[in-house]
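Let me give you the structure first, and then I'll get to my questions.
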Amino acid sequence: MEIAYFIETVIKIVVILLVFSALAGFGTYFERKILAFMSRRLGPMNVGPYGVLQIAADGIKLFTKEDIVPTNAVGPIFKIAPVITAATAFMAAAAIPFLPQFTIFGYTVHPIVADVNIGILYILGVMAVGFYGPLLGSLASSNKFALLSAARAAAVFISYEVVTGLSLLAPLMMVGSFSLIDFNNYQAGGISDWIIWSQPVAFLLFWIAAFAETGRTPFHLVANDHEIIDGFGTEYSGMRWGLFFIGEYANMFFISFVIVLLFLGGFGDGSVLGALGFLLKMSFFFFFFLWVRAAWPDIRPDQLMWLCWKVLMPIAVINVVITGFVMMF
Amino acid sequence: MEAIAFYTFAILTTVMFLITVLTNHALYALSALAAGMIFISAFFFLLGADFLGAIQIIVYTGAVMALYAFGMMFFDTTRTVVESRTSPQLVFGLTGVAALTVVAIFVAPIISENIVALYPAVDGAGNSQMVGMVLFTKYLIPFEVAAIMLLVAMIAGIVLAGKKMDHSLTLMKDEVECKNIEKEQA
Amino acid sequence: MSLEQFKNRDVSDSGYYLVDIDAYPEKGFDKFKRIVARTFRGELFVGLWVVMREMIKFDIHTVQYPKEKLPVGPRYRAVHEMQRLWESGTERCIGCGLCEKICISDCIRMDTKIDENNRKVVSEYTINLGRCIFCGYCAEVCPELAIVHGGRYENTSEQRAHYTDYQDMLTPFDMALNGQVPEYPGFGAVTPHEDERVKSTPLAY
Amino acid sequence: MEITLQHYLILSVVLFAIGLIGVLRRKNLLLLFFATEILLNAVNIAFAAISSYYGDMTGQMFAFFIIAVAASEVAVGLGLLVLWYKRTGKIDLDAMTSMRG
């Protein structure tokens, strides 16, 4: 039993790693295609039919590029920083149930690596660690633009951690558990049981904060391309830069899963329909990341901090207080 | 299984903290300390203190170390830090003596036999539930005091690092010197 | 519209209007009100809707360049062509060297020799297209209309040697015979009934 | 092999000693702060271990309060550090001699 459990866990880890590494690659393809369609272009078309093999071409390019470590950079930390980003993104995936449990060849599979009873805290914590990648990478590359980016990244991530945590408090109070499986079971009754109906404010806040946590466009200040070259990635090249990218896209996928599990019912009662709906809902949130990138401009750093501390955080606190009162009486 | 995990993380933590203490490079120290903090949270998970482990990751690695990193941006991180070492023998000797003393105290069987659980764990409750139960009954006042302390610290941090604090309110020596220099120039 | 009309046109009713710019809010509460107003007017969602509409309409404007090429205007002046005579098929270039002389970026280089018939022929002729700025002086100065600018605009290459082949620039003789060498209307161009007016000499001009 | 409370306590002491080395030998204020963090974390391990092996939540509570104290210490200490650096351009412990009179 012990051995079987061990083997199962290892297989699950390998599957998640492979699937989401590949998905992160395809994420770039989807992003380029959708951004292109939204601006009346075609996007990548040359490699393979409709450019679907673009990811392979990109991968070959990234792997074969010269790996440059600048002279003044702090070598070991410069090299380890991209690994941190990618690794923490996949570590966070350990507590996410990707599908309802299913039985195959008489063996029940739980598509979650570790159902820890502090799942959400764990995910938040590991995603908080994820920003060490940009931070250490920037500090180590001895580039002032990278340093600026690191300062912004630190400020944005720490600030929006607050919003994420506070916005999650209210649903946590209702469910009474940190486990994502418990969250899912709480909303298993159907659409009317979804937490989004009872906690719309928390949902919106978490959604907004998710953009900051993943560093996507309206809050794309970690690597603000049009102001500070490529932010933390300025000195990076080849696969090291690619690892940053994989981390970012994996994070987008995982946070889409988490949003759906927390607020939109997850996989419901665990039927095939529920699993399909789960993937559909998750795809919508991933699509929304790209949609927003096509439509909205970045906001200024001071506006970002203003939004966090003077708008989102008070709303989150008020939401928690109101939820507490409603639950008490 | 537990022994493997314990020894792995014990060695990792020790190595990381040794790097933090002994390196001459501020960035190495920062990274090693952050890694050590994460490895320490592994002990908390091993001990069944899940909530504490998550808090360790979120607060220590997420917030405290980030603040340090923020602080480090004011200094040159790629330069090596020169420590004026006076007498390493004294440092290591004193530390060894202190460590031995603490080991003796902890390992002394008299103490460990007389410990009785003040707030015993409740069966059937998860770790976070137990933490909540104890924290909001017996330790409510310290909890509130800690909250106020954090608030005070936050305001103090804002005031200290704010823009208008380039000149000191207490040490007026520099300003006097500056004014003297200005007068001389004028 | 004549120039006089254009000068006297009425600007006020031709679709121009002043954009209504509100005063910039100074106080904190005014700023808050502006944010609320902007949020609930749904400007953000208008942006979302516009890009989504464009995606659904799928009105793609991409030209997939190496496969599809946009037509080039008839008077486009790009990579040089060396012309031949229609009648005899000999090269028009007489090796005078004026183009080499006038070229301001020094990219034309030619070498001539006297052949067995005691005629001067161009033995080597190169134009470094990597340096050419397409000013058109060489075509301007050519007394024989031997060098002209053609419509070929793809002049990238991986090797400089590719820029130096005289034979590439010579218009193929069958094209010249078929009349595919384009002549554009305008001053100095060959008119349709040129044959009736031109005397039959080896050099038509 | 079973891991007992003694293992954790000894580990805690080892880490504490490492922190002590740091506190004694560091002259750079920022790195001195790092060493104090190691001290606090070493004690946290001991608290959590005792709490776990005696089935008592008090140890974990103390660990929480230690984390809170560490967070406030960082906020204030780092503020002072930045202020000091802005004023003098140094964060060397030996350079802070303005109280010597």
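Order of writing sets the labels: A, B, C and D. Residues in every chain begin at 1.
To be clear about the criterion, a residue touches a chain if its C-beta (ideal position, glycine included) is under 8 Å from a C-beta of that chain, and two chains touch if they have at least 3 such contacts.
Since this is a predicted model, take the numbers as computed values, not measurements.
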(request) With centres defined as the mean of C-alpha atoms, identify the chain lying farthest from chain A. (result) C
(message) Taking the mean of the C-alpha atoms as each chain's centre, how many Å separate chain C from chain D?
(response) 71
(request) Round to the nearest whole Å and give the separation of the Cα centres of chain A and chain D. (result) 32
(request) Quick one: report the Å distance separating chain A from chain B, using the average Cα coordinate of each chain. (result) 28
(request) Provide the C-alpha centroid distance between chain B and chain C, rounded to the nearest whole angstrom. (result) 68
(request) Any chance you could list the residues of chain B touching two or more other chains? (result) 30, 51, 55, 63, 67, 70, 72
(message) By the document's touch rule, what are all the touching chain pairs in this structure?
(response) A-B, A-C, B-D
(request) In the complex, go through chain A and note every residue touching chain B. (result) 72-74, 76-77, 80, 116-118, 121-122, 124-126, 128-129, 131-132, 135-136, 139-140, 142, 147, 150-151, 154-155, 157-158, 161, 165, 178
(request) Using the touch rule from the top, collect the residues of chain C that touch chain A in their complex. (result) 35, 44, 47-48, 50-52, 54-55, 58-62, 64
(message) Residue numbers of chain B touching chain D in their complex, please.
(response) 2-3, 6, 10, 13-14, 17-18, 20-22, 26, 29-30, 33, 36-37, 40, 43-44, 46-49, 51-52, 55-56, 59-60, 63-64, 67-68, 70-72, 74-75, 81, 83-85, 88, 90-92, 94-96, 98-99, 102-103, 106-107, 112, 115, 117-121, 130-131, 134-135, 138-139, 142, 146, 149-150, 152-154, 156-161, 165-166, 168, 171, 173-174
(request) Can you check the complex and tell me which residues of chain A touch chain C? (result) 34, 36-42, 45, 291-292, 294-296, 311
(request) Spell out the residues on chain B that touch chain A in their complex, using ranges where they run on. (result) 25, 27-28, 30-31, 34, 38, 50-51, 53-55, 57-58, 61-63, 65-67, 69-70, 72-73, 77-78, 126-128
